[in-house]
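Chain nomenclature is as follows: A, B, C and D, assigned in order of appearance, with residue numbering initiated at 1 for each chain independently.
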Amino acid sequence: MAGSTLGHLFCTTTFGESHGPAIGAVVDGCPPGLELSAQDLQIDLDRRRPGTSRHVTQRQEPDQVEILSGVYQGKTTGTPIALLIRNTDQRSQDYGNILDTFRPGHADYTYQQKYGIRDPRGGGRSSARLTAPVVAAAGIAKKWLKEHYGIEFVGYMSQLGDLAIPFEDMAHIPHNPFFAPNQTMIPELEDYMDQLRKQGDSCGAKITVTATGMPVGLGAPLFDKLDADIAYAMMGINAVKGVEIGSGFASVSERGSFHGDNLTPEGFTSNHAGGVLGGISTGQDLVVSIAIKPTSSILTFKDSIDATGNPVQVQTKGRHDPCVGIRATPIAEAMLALVVMDHVLLHRAQCADVRSATPVIAAQNPQTL
Amino acid sequence: MAGSTLGHLFCTTTFGESHGPAIGAVVDGCPPGLELSAQDLQIDLDRRRPGTSRHVTQRQEPDQVEILSGVYQGKTTGTPIALLIRNTDQRSQDYGNILDTFRPGHADYTYQQKYGIRDPRGGGRSSARLTAPVVAAAGIAKKWLKEHYGIEFVGYMSQLGDLAIPFEDMAHIPHNPFFAPNQTMIPELEDYMDQLRKQGDSCGAKITVTATGMPVGLGAPLFDKLDADIAYAMMGINAVKGVEIGSGFASVSERGSFHGDNLTPEGFTSNHAGGVLGGISTGQDLVVSIAIKPTSSILTFKDSIDATGNPVQVQTKGRHDPCVGIRATPIAEAMLALVVMDHVLLHRAQCADVRSATPVIAAQNPQTL
Amino acid sequence: MAGSTLGHLFCTTTFGESHGPAIGAVVDGCPPGLELSAQDLQIDLDRRRPGTSRHVTQRQEPDQVEILSGVYQGKTTGTPIALLIRNTDQRSQDYGNILDTFRPGHADYTYQQKYGIRDPRGGGRSSARLTAPVVAAAGIAKKWLKEHYGIEFVGYMSQLGDLAIPFEDMAHIPHNPFFAPNQTMIPELEDYMDQLRKQGDSCGAKITVTATGMPVGLGAPLFDKLDADIAYAMMGINAVKGVEIGSGFASVSERGSFHGDNLTPEGFTSNHAGGVLGGISTGQDLVVSIAIKPTSSILTFKDSIDATGNPVQVQTKGRHDPCVGIRATPIAEAMLALVVMDHVLLHRAQCADVRSATPVIAAQNPQTL
Amino acid sequence: MAGSTLGHLFCTTTFGESHGPAIGAVVDGCPPGLELSAQDLQIDLDRRRPGTSRHVTQRQEPDQVEILSGVYQGKTTGTPIALLIRNTDQRSQDYGNILDTFRPGHADYTYQQKYGIRDPRGGGRSSARLTAPVVAAAGIAKKWLKEHYGIEFVGYMSQLGDLAIPFEDMAHIPHNPFFAPNQTMIPELEDYMDQLRKQGDSCGAKITVTATGMPVGLGAPLFDKLDADIAYAMMGINAVKGVEIGSGFASVSERGSFHGDNLTPEGFTSNHAGGVLGGISTGQDLVVSIAIKPTSSILTFKDSIDATGNPVQVQTKGRHDPCVGIRATPIAEAMLALVVMDHVLLHRAQCADVRSATPVIAAQNPQTL
């Protein structure tokens, strides 16, 4: 309720500041009996880690996660799982100039006004670094969901700045620094980023995340709809300014005769709904897109004010991502996984007796909840 | 927690089905001492009411709200305010054909699969009719926020199907059946809708909602960010498939040098952020846009299956809105008001001692929380 | 969250004031498919109803409950179940003298100080009348728990004022106006109450509630322990000043060699724990006792102050229970049922995969969760 | 929601097992600007620490707390405060015999049945060691409440086994190993405990906790009553089997003419209510008593079963408290502080506008909320 906890039954509470001694999360509500090790969580942490290509920040954060509780002899016990990540690479001097000025596009001003005090080092609590514990926590959900229901999460970049990225094949995603489902366009994307860096500017990105192997029936209307909780989680990611489910904003200009996905004994014939109808999963893939704004930390000078309200010129030096969206794919996957996990537990609570074992469209959700 | 409650401290719990005896809401957490009558809530209920023009459903639902508790001698007492709206115009026969078939684009299939049972009359719980109690509940928040902080909410239609609606003046909104901030374009919009009705088809719409007089400092990061809770609430409205804050998806192709709103001693020089930075309000107007999909209830025949999985052709007769977006503006305003109200209370709880009475940019939030 | 909702997954939100137009509750989270009618809920409402003997208040409140939603063709649909009870017998003039004075032992003073306003008619929100919606809501839980797991709830009076009531047989409970599990002592109890009424005074009572057919494994430590949630719910009943689980305060002077319940292949050999160890149910009967203070509304004059702080003498006329404990048994059963129901759902969410189908002590929990 | 979080707005989420690498808590919702250091929290941690006298366990646990986040330059920032306590003195071999047997009176059986797996080392999650993070977290609340409202918490032992401890003076509490408000009786208490240890047995205790300087108006009826949340928190302490507010169970045999506390312009003339009426604080001292059962870990042999259900004889060696109640006083104070802190924030949210600055009985709550 105090704002740092995500989830109703699978609850992730994060803590920490960018340059404090440590960041981490407490994951409460994980079912017992899941085989779990720190290495399971390290996989996605490494995917979001900085310094992996010239197109992202060169900060070196190993982001080694330590499991402090909730696991006994390699298995979860049903008790809270505490995850700890010690901060290592803190060059606070990089951020000297933000101690007494408000960086445009950043949360400096709002945190200062809300709390009357803020930890300015590296953006403190509002730093994108705080997505690391979320990614670690989601690693637990991802493993459990895959083992129990075969649900998996795949995200990719669908647009970089002005460049739309045509979908070619999921197989390409791990083989380029952009998480792009595209091979032919990579050189163009790299030139684009090199240009941007030279200019000391930044750009935004559009990320699309999907969940496959989804069961039908997840979602708790009217308010805790599956897509509502997804929108909430996605908007909770730093720099996200928009969320779409399925057709999203394109549905505004679609006709009802086209948009409504037809049903057949073999399943739906299209997925404009993005896998959700009336706030409840249809058994089709979830398809979610998010808009990520351009990085606010740039070398270009911008107008701002200092802590006393006097006008200043701000230039943000330091080692920043020219496009935070490049590292956002594993984070968006993580958020989607946490929401789906939460709703699987919510569904088991209220509807465990419902025979979703024999759905009308058997093909689309073989597994039962 | 069970899905029908919105808000952390200003909690709206709704109940009811489209054709049941009644629908309503319990609003818990309203501060005491607010002068309140049913008439205060009727204003917005009438704005969303059907049958007000030929472009919306011709159902006649007076939607008279009754206050059952929480008000004594015309003032709120701090106890739960129960709102009751009796259902009157129920022609269940209109919906006969949906008893044993799943309407494409509707929640029939997902509700049946989740619960193993559903009230099919008028869409039951998944009917847009259930937005009425939300609008009534938000009337309480709107009145309190206006009296205490001068916060007001104005929404309008920014796109109807393929037609973008240029912003002319807020003053036009009440004077046309579309809530359009535009006068010159109304005839075109009316022709567009007449065409659509003749075709027995439907279209989507884009609605933009704003909050003015916003204080700085609302929002509870990391997860219960103001924009995250807004996205959650908006996606909870029937037929919404996308949510944007400020520049939204346009920010993807913007440069950091452009997107970041500059600060000056007189305030921000632009509002690409839509009034939120780091999940906390900046004191600027909140600007939120939502995508509403085309109505799924259309006269055009579509492929579907019946309860036993056999293929059928579905045509949805009855009195439907050819564009549910036309009546969505007061609903979107309501959701925004409920979220802002909730965050004002959350802020008072944790930060009542913070001197937001003397903000750095005094001009932008004269009032204190 | 705003204080009027009980439960994590099976959520009961109550509303209403003693002399307002109506009182009621919204029950959210009830599993679908339960056969339910208003009559099912009327049974316990009639057990707590006033005017059933000369030993309780002579107010006539039929307390007819109406189901407004969540039930279709006689079965729950999984959507919120709204329960409405219209207030009928309101003689506000009986309470004229409490409009501007604070009755000792009542909530008049604290409500006035907290909210700056209060509905004084019949005690407003703080009236024991508000236990009626709780009893109605619990009727749903009781029916579901009995049908699914054979869990049943039986409460009785174990002490009336100074008179301890020896346990004879559960069978006696329905056959006397005190819910006493005792036949021989009834005349003595009746004389005791007649005396008290003549004196215009009141007394307290101790109520014991049990749950039989309990499965092992209910409870969500560390904080949402089964016994912690029970204590919370019981202390939420008007006039309750103490809660005990099992041996309760007697355990203070017990030795560990005696108190710890031995285990055998046939089960536990005693139940000093009251059915809970480490916050989790053992599979034995739950045994909970509560202390109910003497009715504060009495004819004896007491010192108090008026709204402006001046000393006054207060005598509470009107039709009051000389011992509110006499009608408290069905209320205590209701609270226990709501908590157990909630924890059954919580357990299904997190531990549905655990083989509690084959417990170590099969005899004690044949059913699986 | 998953059971390991206490509080609505001041949220304490604990994690850890007795013999895992670490235990700790995340405190979310603390107001910004509070001067805070680890030393502030160490004071109460040392009061509950084992090994401080011959009457408690001789385990050596320094319980050094580390603050990982939420504090910048010595002040709280309003972000989550993570508290870490590394486990040091773990002689798991002491507990060898409980790996495959269920100790009577312990949570071994229920945890195994609920989760199908448990960490048996030192009782794992169900160990009283987990009260340390609660005490640390409460240190934050205690400091804030004292500085802002002058609210303070004092607890003491009111009964040890069969020996009632007459109240002499609060001043005696820190000067004996029992937290007894009594000087003359200490030798008797020491002999009593020495006897018990020789017998290899254990006893229970009754602890009374008070809060002074309470404002009027705390509590959120109908369900989140101040006393209901107190009962919930107290029952969450290991080994607690009963909770009383004010007169508690004594009120059962009291008369209404006696129990109801009279009001005068100078305040209440007695405090049988224990500082709560209708679930809301009266401005008098809170008075709460709890019953703690005898330690279940004793040298006496008891009947039990092993993991496969076969009968065994269990003797619990190791270094145990012959009366866990002796160290429970700081823990009970901590729980009370956490609940009061939470309700202060809840009250500020809903009733910040109420003029509790000018209460009817000014003497009793000088401060405003």
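Keep in mind that, in the parts below, a residue touches a chain if its C-beta (ideal position, glycine included) is under 8 Å from a C-beta of that chain, and two chains touch if they have at least 3 such contacts.
Just so it is clear, the structure is predicted and the values come from calculations on it, not from any experiment.
The pair from A-D, C-D or B-D that reproduces the interface of A-B, where over half of the contact pairs by residue number are the same, turns out to be C-D. In a homomeric contact, the two copies may use the same or different surfaces; for chain C and chain D, over half of the interface residue numbers are shared, pointing to the same surface.
One finds 45 Å separating the Cα centroids of chain A and chain C. Spacing of chain C relative to chain D, judged by their CA centroids, is 26 angstrom.
Centre-to-centre separation between chain B and chain C, using Cα means, comes to 38 Å.
Among all residues of chain C, those that touch two or more other chains are 1-5, 8-9, 14, 29, 32-33, 78-79, 114-116, 125, 221, 346, 350-351, 354. On the chain D side of its complex with chain B, the touching residues are 1, 9, 29-33, 78-79, 148, 221, 345-346, 348-354.
Looking at the complex, you find that chain B touches chain C at residues 1-5, 7-11, 13-17, 20-24, 26, 28-29, 32-33, 66, 68-70, 72, 75, 77-82, 84, 114-119, 124-125.
Those residues of chain C lying in contact with chain D across their complex are 1-6, 8, 14, 102-107, 109-116, 125-126, 130, 159, 161-162, 201-206, 216-225, 227-236, 238, 241-265, 269, 272-274, 276-283, 291-298, 300, 302-305, 307-311, 325, 346-347, 350-351, 354-356, 359-361.
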